[in-house]
Amino acid sequence: MLVLEKLQEKFPEEIIETGESAGQTYVVVKREKIFEILKFLHESGELLFDHLADLTAVDWLKKKTPRFEVVYNLFSIRYKHFLRVKAQVPEEDPRITSVSSIWKVANWFEREVYDMFGIVFEGHPDLRRLLMPEDWEGFPLRKDYPLSLEPEQEWQGLVELKEKARRLAPFDWYQRVPGERGPSEVNEEAKEG
Amino acid sequence: MSIVKTIFLTEIMKGLSLTLRKLFAKPVTIQYPEEKKPLAPGFRGRHALVRDPKTGKDRCVGCYRCAQVCPAKCILIETERDPETKARVVKRYEIDALRCIFCGYCEEVCPVNAIVLTEFYEYSGYSREELYFDKERLLQNWDEFIVTQKRPYFNPFWKPRGIPERKLPAGKRQAEGI
Amino acid sequence: MIDLQAFLNTADHFLLKYFGLSLFKSLVLVGITLLHVAYTTYAERKIIGHMQQRLGPNRVGPRGLLQPIADVLKLIQKEDIIPSCVDSPVVFKAAPLISLVAGATSLAVIPIWEHFVVTNVNMALLVVLAMSSLSSFGVILAGWASNSRYSFLGGLRASAQVISYEIAMALALVGVMMLAGSMNLVEIVKAQVASPFKIYAIPQIIGFFVFMVAAIAETNRTPFDLPEAESELVAGYFVEYSGIRFALFYLAEYFGMIVMCMLAVVCFLGGWYGPFEVPGVPFFWFLLKLYFLIFFYIWVRATLPRYRYDQLMGLGWKVLIPLALLNIVITGLIKVMA
Amino acid sequence: MPQAVEIIQKQKNSDQWDEPYLVNMGPQHPATHGVLRLFLELDGETIVRCDPRIGYLHRGVEKLSENLTYSQAMVLTDRLDYIASAANNVGYCLAVEKLMGLEVPRRAQIIRVIVCEMARIASHLLWLATHALDIGAMTVFLYCFRDREWLLDIFEEICGARLTVSYPRIGGVRLDFNQKIIDELYRFTEEFPRRIPEYETLIDVNRIWLKRTKGVGVISGEEAVNLGLTGPSLRGSGVRYDLRRTRPYLIYDELDFEVAVEYEGDVYSRYRVRMKEMREANKIIRQCLDKLAECEGEPVIAEEAPDLLIPFSKPKRPQPAPHPKKGFLVKSVEVPIVPEGEVYFAIEAPKGELGYYIVSDGSGHPWRVRIRAPSFVHISALPALSEGQMVADIIAVIGSVDIVLGECDR
């Protein structure tokens, strides 16, 4: 396949493995030069992978080392060819270079991968949590993250939230019992506090 | 031409005339509690256990297929062996309707067509317990449902159209209306 | 139907004749208008409903006829919530009243019939214009006092919109004044009927068009309902209001709408005069024309999308005001020629 | 978020307003189409910066799928883009089938195309309804719902559910069509092209509509590809990228339909593309119905299709029982049905490219399911589309890229 040949020619040391799965070609590369590789794939006139269809990660806990794989599914709208690039990321140092300067769409994909797997993308303009609350601990899509926990264990913010709900409970109309604290008392307390 | 159109607001006039025409058209709404839309057969509504007309009991054989296939894990079954006949007896059969996602997998995998999602959708409750159906309640659901239906009643999922017979268990192949 | 004229002629007591008469008239007027406002909301929901192939309200009373009453009762019962963060509770409370009072005051000068006008002032047209601008004052205050970003944007939009469309509307009415030679609304109607076309809407077609568009904009109705644009500003200036104060804003909007329609009837459509006299109901024609205009308002709402803010201003300044000026020039020329 | 609070506090305390005017739009807002939250920095009414915040509907579908069997995970895909759930199901099933190397019977393929296109019309109708309502045209909303109701009735007839259909199965579909459905669909395809002009009369040439949509949210084709836009939003910018033609799946390569493309790249051209797509989808359904008659009576499920009840492995942690008293029976052994491997399969969902990246380790449940949702990408493109526009325009822009938050947050 033309794409693989070109890639092998350009980055002979970087490629670890190539193969095919369900009729789709993939190539496993080292993470160090991932930016250069993808930039080459994006800009080379004969390959022109202009559409980054998907960017995600896979956690191979206890199945493979290194543990993480960052997966780039690339498609060329003009030449209609498809390539999957997988970059290996070890568990102890989960970092890889960001490609959001090549494809703007990678911005949120990378934020999501960071959010879910804890892989840090170096050079990303705005690496924050995306789907989970900002004070969330842990990375949900890692295989060692339990499927369910007690709600308080899952999210620290919940304790605070419950406390706030308790504080605001007197504002609920059905809980206004004569003799209990009403909104005005609560307001005053809040001001004092 | 376009200047004329601009001055006389032709396109706005066309829109106005359309709405004016619709003013006299027949409304398409249905006055819900008074009139109801007929439901399609096989609508996935409230759960029920089929009461067998011959025995007067449910048909469940306690094979656990529905409990296993349920993606929401809302079916709970307990069985025991009858000490005399050594037959399997279903002790508990419970469905948490609030967890259910109405995919209909249970009625599709049931080999004896014991569980069915009926074409009954007007159920609500004041508490969570009211929507936690035990076996008695499920049979009662069936009784409430079947009196509203033309007999014999046949649910499309009991013997799905277009599925080759050899892919179906024997109970489904011989399914009949009740 | 009480024969009003006969009744008034027999009332010869001083108080009744001068003070009591005005009070009586205003009470009747406000009462009837309030009823109209209530049933305009009903008509709006019903007509838009049918235009959209549904039924509209039909649960309270026969055909839903008691729906507006039920709505009012519900809104009165509701708790009057004043958010703790409002900028100034006094202004927050007063704003809907300002809007409503300003809207309702204009009613005093509008003649429904030759002998039924609360105060027949010579500057009636100016009074209406002034009052309709004042009514937006309430909107602006509400937007400001709410201390909410959506309300504030709504209030700002309202002020800008009213200022620009006020000009267009006033200019559109200048043509009528020129033709009638008076600002007294009763005089305008009489002059109108004496004119060759019987109504001013024909010679003043441009003026009538500009007036109607400006009136829709002035009362914040679709397609110019930007201050309360529900898709972007949620409800705009009255987003923080609830219960009866919310209802007052609603009332003010419909009052404004009815007043504008009345003004259009008086200035352009020949007031209470019609092709023939309807015995016993002297303001039959007035009401008929009024209902048609209100229907038109509703009809437009069911059909058109909403303008964007800057486009609205563009329309006002670049299209309507030049058109109104053109109208004045043409009217002047006609006047001179004739 | 702390920054925002800080700025608001500062604005409250100072008399100077040199900071931008911040408006928090959503997560409860009529025009954000769900629980999207936009953080806007305004200069007057012009948007200086727009920062979308998502995650309010995050249900962890990807994580859940890893703990369910392949068939069970399919019902979760219903809940992604709940407006066009049939298309999501089909996409997922096709991905799994490709991984398994399973050939689906022709009749099932035709039926899948029909439900996909029905979902497309239903989705576009809902899009048009809400988009028009956002711009203020209230009546179009109800006309669209009137016709969408018809489609949902047909869905109900097909599979017993109106919204979350769960209709396809791995290896085919769950039920065959009967004559009643086919007749009803013929009637629909006959009538529907007459209904579209009704919506168009109200908005298509209306000067207010044109003013609100033309030249708003403009994006060039190159930029759109770089931002990852797909589907009608990309085709509105003149890029002819339609997976039904570019990488044909099912029987799309046999069908005669046009890919709708417009070249302006603004809200109006995206609107035009969708209107045209509805007509094309109607045409496709028509052709498929004719094809369906040719293979009457054939099975709708593949011979090798796995049983719905694939025994699954014991979950890592016991599932929370529906009742305090636990009593699940989970005793089965793991049986490999899907070979080891991975696949990225994308279909042309109504909203854009809906891709499933499924990694299998050979066990009964997927190792990783990744859903590439078009809405996710489209929301990430909102800042680029809306900056420098007015507040009213962002409503039009959100409407024009057609988002569903269920799919975005997953």
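Per-chain numbering from 1; labels A, B, C and D assigned in written order.
Here, a contact is a pair of C-beta atoms (placed from the backbone, for glycine too) under 8 Å apart; a residue touches a chain by one contact, two chains touch by 3 or more.
Keep in mind that this is a model prediction, so the values were computed, not measured.
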item: Most centrally placed chain, judged by C-alpha centres; value: D
item: Per Cα centroids, the chain farthest from subunit A; value: C
item: Of C-D and B-D, whichever chain pair has more C-beta contact pairs; value: B-D
item: Distance between the centres, which are taken as Cα means, of subunit C and subunit A, whole angstrom; value: 56
item: Subunit C-subunit D separation of Cα centroids, rounded to whole Å; value: 45
item: Averaged-CA centre spacing for the pair subunit B and subunit A, given as whole angstrom; value: 39
item: Whole-Å separation of chain centres (CA-atom averages), subunit B against subunit D; value: 25
item: In subunit D, residues with contacts to at least two other chains; value: 139, 146, 202, 206, 319
item: Shared-contact residues (touching 2 or more other chains) in subunit A; value: none
item: Multi-partner residues of subunit B (each touching 2 or more other chains); value: 12, 15, 18-19, 22, 28
item: Which pairs of chains touch, using the document's own definition; value: A-D, B-C, B-D, C-D
item: Residues of subunit D touching subunit B in the complex; value: 68, 71-73, 75-76, 78, 107, 139, 146, 149, 153, 156-157, 159-161, 164, 166, 173-178, 198, 201-202, 205-207, 298-301, 303, 305, 308-309, 311-312, 319, 321-323, 327-330, 332
item: Touching residues on subunit A, where the partner in the complex is subunit D; value: 21-24, 26, 50-54, 56, 58-59, 63, 71, 73, 77, 80, 82, 84, 103-105, 107-108, 112, 116, 130-134, 140-141, 145-148
item: Residues of subunit B defined as touching subunit D within the complex; value: 6, 9, 11-12, 14-15, 18-19, 22, 28, 37, 39-44, 64-65, 67-69, 71, 73-74, 76-78, 92, 94, 96, 99, 101-105, 108-109, 117, 132, 156-157, 160-164, 167
item: Partner subunit D, residues of subunit C touching it in the complex; value: 48, 51-54, 149-150, 153, 222-223, 225-226, 229-234, 301-311
item: In the complex, subunit D residues that touch subunit A; value: 1, 54-55, 58, 60, 62-64, 67, 98-99, 101, 225-228, 239, 241, 246-247, 315-317, 319-320, 341-344, 346, 353, 355, 357, 359, 361, 367-368, 370, 372, 376-377, 379-381, 384, 409-410
